[in-house]
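Quick one: this structure, given as structure tokens, is what I'll be asking you about.
Labels for the chains are A, B, C, D and E, by order of writing; each one numbers its residues from 1.
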Amino acid sequence: MQFVHTMAAAAATNTTWTPQTLADRAVDSVPHSLWLTAGYFLLAVVGVAALLSFLGMALIYIERKIAAHFQCRLGPTRVGPFGLLQTLADTLKLVFKEDFVPPKADRSLHMLAPFLALLVPVVLLALIPYSPNVQVADLNIGILFITAIGGFGVMGILIAGWSSNNKWSMIGAMRAGAQIISYELSATLALLVVVLFSGTMSLTGIVLSQQEGWWIWRGHAAGFVAFLIYLVASTADLNRTPFDIPEGESELTAGFHTEYSGLRFAFFFLAEFINMFTVSALTATLFLGGWMPFHVGDWTGFNAAMDTIPPGIWFLAKTTAVIFVIMWFRWTFPRLRVDQLMHLEWKVLLPLGFANLFVAAVVVLTELYPFPLGK
Amino acid sequence: MGVALGKLPGIVERFPGGAMAITRLDAAINLARSNSLWPLMFGTKCCAIEMLMATGASHHDLARFGAEVARASVRQADLMVIAGAIVKKMAPRMRLLYEQMAEPRYVIATGSCAISGGPFMYNSYTVVRGADEVVPVDVYVPGCPPRPEAFFWGLLTLQRMIREGETIREPGIRRKPVMAALPEDVSLHEIRAEIRAALANENVIDVTQAANQKPWARKVREWIQRASLR
Amino acid sequence: MDPESLLALVETEHPSIRRRSHADRPAVSVPSGELLAVMTTLRDHADLRFDLLLTLTAVDFPGEDRFELLYRLYSTVHGLWLIVSSDVPRSRPVAPSVSSLWPIAEWQEREAYDLMGVLYDNHPDLRRVFLEDDWVGYPLRKDYQDEYMLELPK
Amino acid sequence: MTVHVRTLDELLHAPLEADSDLTTQEYLVNMGPQHPIAHGSLRVVVRLDGETVKEVIPVPGYVHRGVEKMCEHLNYRQVIPYTDRLDYLSAIMNNWAVAKTVETAAGIETNDRIEVIRTIMAELQRLQSHALWWGVTGMDLGAYTAFLYGFREREIIGEIFEETIGARLTMNYIQPGGLMYDIKPDFAAKVKKLLPYLKDCVEQYETLLSGNVIFQERLRNVGIVDGARAVALGCTGPVVRASGVPLDLRATEPYGAYGKVQFNVVVGTVGDCWDRYYVRLEEMRESIRIIEQLIDGIPDGPYSTIRYNVELTLPEGIHYGQVETARGAFGVLIVSDGKREIPYRLHFRSPNFNNLWVVTAMAPGWRIADFISIQSSLDLVIPDIDR
Amino acid sequence: MIHAIKVAQEERLFAGKSVSVAVITRGRPPGYLRVAFSAVTGLLRGLWLTLGYLWSPEAIVTRQYPENRATLQLTERFRGNLRFKFPNEKAQEDHAAFIEQLAHETQTHAHVAADLVREENETRWYHNCTGCGKCQEACPNASIKVFTRQGEILEDREVDRFVWRLDSCMFCNACVQACPWDAIEMTGGFENAVYDRRLLVYNLNRLAGPRINYIEEEENPDVRKRMVERRDRYGGEVPLNGFALPNLPPVTTPMESGSRAIDADAQARLT
């Protein structure tokens, strides 16, 4: 963890660094002993794994409770106080459950796919500025990195569907491929709007550029529309209702993970929720000011009060709000059909995204931006 | 069994205190398993409405037990709730579903049809008289159909069995308690010691073996073989 | 149209039919050779227009060596009811299919074939509907034997 | 003359069409017998080209229990509990069909009280069934919350059944010549309290699903079948009414207390999934209207006109009675030999068996997802198909 | 609503009758902007509805079963369990004070004392059944089997064992309706889950003997005692005793003490 902290500190002080300096600093900051390095590495891995599973379990618990209250019921109550240990029990059970590979499946790919699916959201977690000083890596090409790596996420699903040797999995994987690749476009267009506004691709840079006000409203209509587009497109990227056609239960039993059991299925489950956190965190960072507190123009007293809340809390609150909205969608809307999904992307969101980008460009060119909030 | 569990007891028990650790681990695993029973969406008849849908609905809320994660995929389910009559045409398919489930897997037979053929026990040319002719059943929940509460009671009964049942030393060997609960209005004298003695021998089951002894197991093998030859 | 004039109308169209007693609605008995012709008339005649085939089933009379096919027709145009029955010999239970007139008959006939063993000629897809293809026997026949089946103790 | 009998294997192993220009091939998938859309255990073999449905082969029989054979060994009272287990969501109405047939055949009189209570119970059950169907449709289309709202109302109506009948699903309530129990004194008050709540619920259903653009797009103009074809395919109930045919036995051949009340037969105009959906929603409103008209004036009288242990023997001949259940015309055909108190042959005309086959006409050309909408818009109860 | 839905009432001639119908028609598809607007508002209204439920805890309708066991009240007509009516039972139950005293005197726990009292007081189990077998006739699937015996005092046959198969009962209430003596009833008990399905077949009666009024007419306590005989829940001709009911495997080690000998005759009667 010390490693992580040093990296974060480095990130905070020096925002223009290359992979070379990254490596130098990494080497400088740890003791020059192979065993100790290995020890720290192991510690970091265990720490990150623990953190991730905690994050996943917490999100799953929240989802179950929120869903229950949407539906006039209670949700888990019997394992631990308020059912808090429910997801822990689920995890433990899944870990010790039989790990099954279908006889005619492509064994190695079948076993690899869940890890690939989990990899992408975890890598993206490294880019997110959680607080002024807490960020694993602030790349100056952050947005580019996100779009590049984010597009890779579909590989895990495709491989899972293909290697399972099951028709439902295959259909699900194909649907997921088509869907995620399509919606990546809209998501990217929405990101570009923010890049235009802030003039940087570094995520910390983007957060800092929102000091005067968050892009969701400071970017005129363009910022708000980009936020909506990004919300919809990222929900689609997550394969969550109303865009959960890759695993639509009533159609494809369980879609691409039909043949997965035990730990590997748990990885898909975890990946979905970590992905949700990542996407929500990105949304908060790009449009809702990241760890910036909420300020209203001249209200100095109010602003000072807001400043007392630590930035980490602000970040978590915003992320949670976005997560809630995504969950809210899921527990309200029915699922789209596959061609309607494509229709929505290619005939509605994509033209809207382009138009929006154009508007944003006009806003930036004509220097309608920035205008101070509340005046 | 699960990841890295096959040889774990053998290795750990060599160290001092290993046996104790394994026992503790057993208790933890069994506790987790008993509290995370994800049912398979499998219902054939009226009981499915009560067992799989009404229990999950707001008034009864299966989610309280952590069991609302009904899986459509067999691989991810722990609990097969046999709700409804099993007919000869369905029996091999149900057997196949059972075999596709990942260990440990539990079966609850709910309603008269699934327990004994029930209303269709006599004069019916298709109904299998009891799901236990097809798959090994852990808990029977009688009723026609049982109330959702009765199903919850069955679930608690199953949880009790899981907590006491299996160890990672002998995976697949399951110990069932003799009585789920003392029936109402009945004194201990009536549930005689003999019943306990008589049933105690039979209630230690090797699940895998018991499964293979069922009449439909052979039929399913033949059926799969025939299907795969095509 | 009252039952009497309905029966009279059908009789004038097809003199070979006989009225059938012991039925709760107007009923006629048709020789199986003429079944299709009678049914065509019943469906297409402007005053009849029996367009809904409510039930199609067969009854086994082993003592009399016959299956009685029962068709229950309803006219959604005129609100008329008619029961058509036809006998086929048990030894050679072949009847003409009416699935060309009422598409639903395709499946109702498959059910009758499946459970009673009545064979329908010119049926587009005659195969078992409920039971598996390798099932031996026709369970709704009165003389059906099944070693697995238990008799209800009385 | 030889009759060719086919097998399912023959059908499924027919060569699949391969498109010569592209290297694509059609493939078969099994929806069921264990599949969420099977709603029980119906197997539907679907021939697909990519996502497009080319052909649908329903293969029922996974809960075929041979009830008709069993009924040849049971007396008429004992038949009634078995009708509960056919279309279990319309159990009371199924009971009524048998009771009605036996009453007409044996000449048993009933009184106004019995008929009014039967009608109220049947309409409550129709409401329950439609609420459940609404929820399940929501679930099929991915809106899980709708499922729970539908079930909430089902449970609330079910409480009235539990109190009056003592069962939640398999009622066995309507008996030849009367009812199994009388209603409780506070029955009318409880039902009256329930009706405004149910009206409010229907409005909520409109908000949550009907008004949702995704839901509308999933159903609108999908799986169209016109009235004449629906009748020829033997459809009854909301399925045929959605195609514009006002075939409703409650109106065309009034039984029970339906002759005394004002209600509309709800019909659609297009005959697509949306019409089938909306017809059921409107029917819920009509059912509430029927109950409202009856609940205030339940006449006095005994709840059964014959004793339970009396022997029921029907005269020789064919006896048929049918009622309008939540899914269409449920008929009971009894062939009696006039000698014994058990039927010589008993046949159930099940609405679901006859409604099922319309999918073979509706689904081809649509996507898998539309097949889901189509099948859930038919509201099938599988044990009633198989009997 | 994106396309307007109209429900119009009209009279239509159908099947030779005038039927009042409500026709569902939809308006013409509106323009692109209107569609977009109503699509968004429709989605928002749905979200608002679910949010309303999230914020109102009073909307939660869940009954927490195992937690509410003590307070759970089923309706009196609920058909969950068949049981004998024991007219004296209520009076015996009221002897709580007596039991407490007994427990105090014998230095045991109250439930042991209660068991002792039950063992002693056979009057508690006097029943209404005459063994006429009407219920057995009414049962559609032979879930009830009434074994009768020649009475000690009475010339008529009286109930020996009333075997009920909970594992196949369909709870149709036919037996209760058919009973001319009001001897059985359906109660709301539902906690019957077992690990071994043979435990689901058992005797309902606790005493073999005549109907309650015959016993209570008898003044002599010795004769009274001779008129009845104890019957256990799992004693006698139930499968736990080595019997095979149809499709019910026998226990491999049958009970030996405390139960009647198994005769082939009885087995034949059952199957």
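One rule holds in what follows: a contact is a pair of C-beta atoms (placed from the backbone, for glycine too) under 8 Å apart; a residue touches a chain by one contact, two chains touch by 3 or more.
As the structure is a computational prediction, the values presented were derived from the model and not from experiment.
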| item | value |
| --- | --- |
| Chains contacting each of subunit A and subunit D, listed by label | B, E |
| Distance-maximising chain from subunit C - centres being C-alpha averages | A |
| Maximum inter-chain contact count - chain pair | B-E |
| Reference subunit E; chain at largest CA-centroid distance | A |
| Whole-Å gap separating subunit A and subunit B, where each centre is the average of the chain's CA atoms | 39 |
| CA centroid of subunit A to CA centroid of subunit C, Å | 64 |
| Gap in Å, rounded to a whole number, between the CA centres of subunit E and subunit C | 43 |
| Rounded Å distance, subunit B centre to subunit D centre (Cα mean) | 32 |
| Two or more partner chains touched - positions in subunit D | 35-36, 61, 64, 66, 69, 73, 81-82, 84, 145, 148, 152, 155, 170, 208-209, 212, 214, 245, 247, 252 |
| Overlap residues in subunit B, where contacts from two or more other chains coincide | 57-59, 61, 64, 72, 89, 119-126, 129, 144, 147 |
| Subunit C: positions in contact with at least two other chains | 76, 79, 130-132, 139, 144, 150, 152-153 |
| Interchain pairs in contact, sorted by label | A-B, A-D, A-E, B-C, B-D, B-E, C-D, C-E, D-E |
| Touching residues (chain side subunit D, partner subunit C) in the complex | 1, 3-11, 60-61, 64, 66, 68-69, 73, 104-105, 228-229, 231-234, 245, 247, 252, 315-320, 322, 329, 331, 333, 335, 344-345, 347, 349, 353-354, 356-357, 361, 386 |
| Touching residues (chain side subunit E, partner subunit C) in the complex | 14-17, 141-142, 246-247, 271 |
| Subunit A residues within the subunit D interface of the complex | 67, 70-73, 167-168, 171, 241-242, 244-245, 248-253, 331-340 |
| Contact set on subunit E toward subunit D in their complex | 1-3, 5, 7, 9, 12, 14-15, 17, 19-26, 35, 38-39, 42-43, 45-46, 49-50, 61, 74-75, 77-79, 134, 138, 140, 170-174, 177-178, 180, 186 |
| Contacting residues of subunit E [partner subunit B, same complex] | 60-66, 72, 80, 83, 114-115, 118-119, 140-142, 165-171, 189-197, 199-200, 232-234, 240, 246-248, 251-259 |
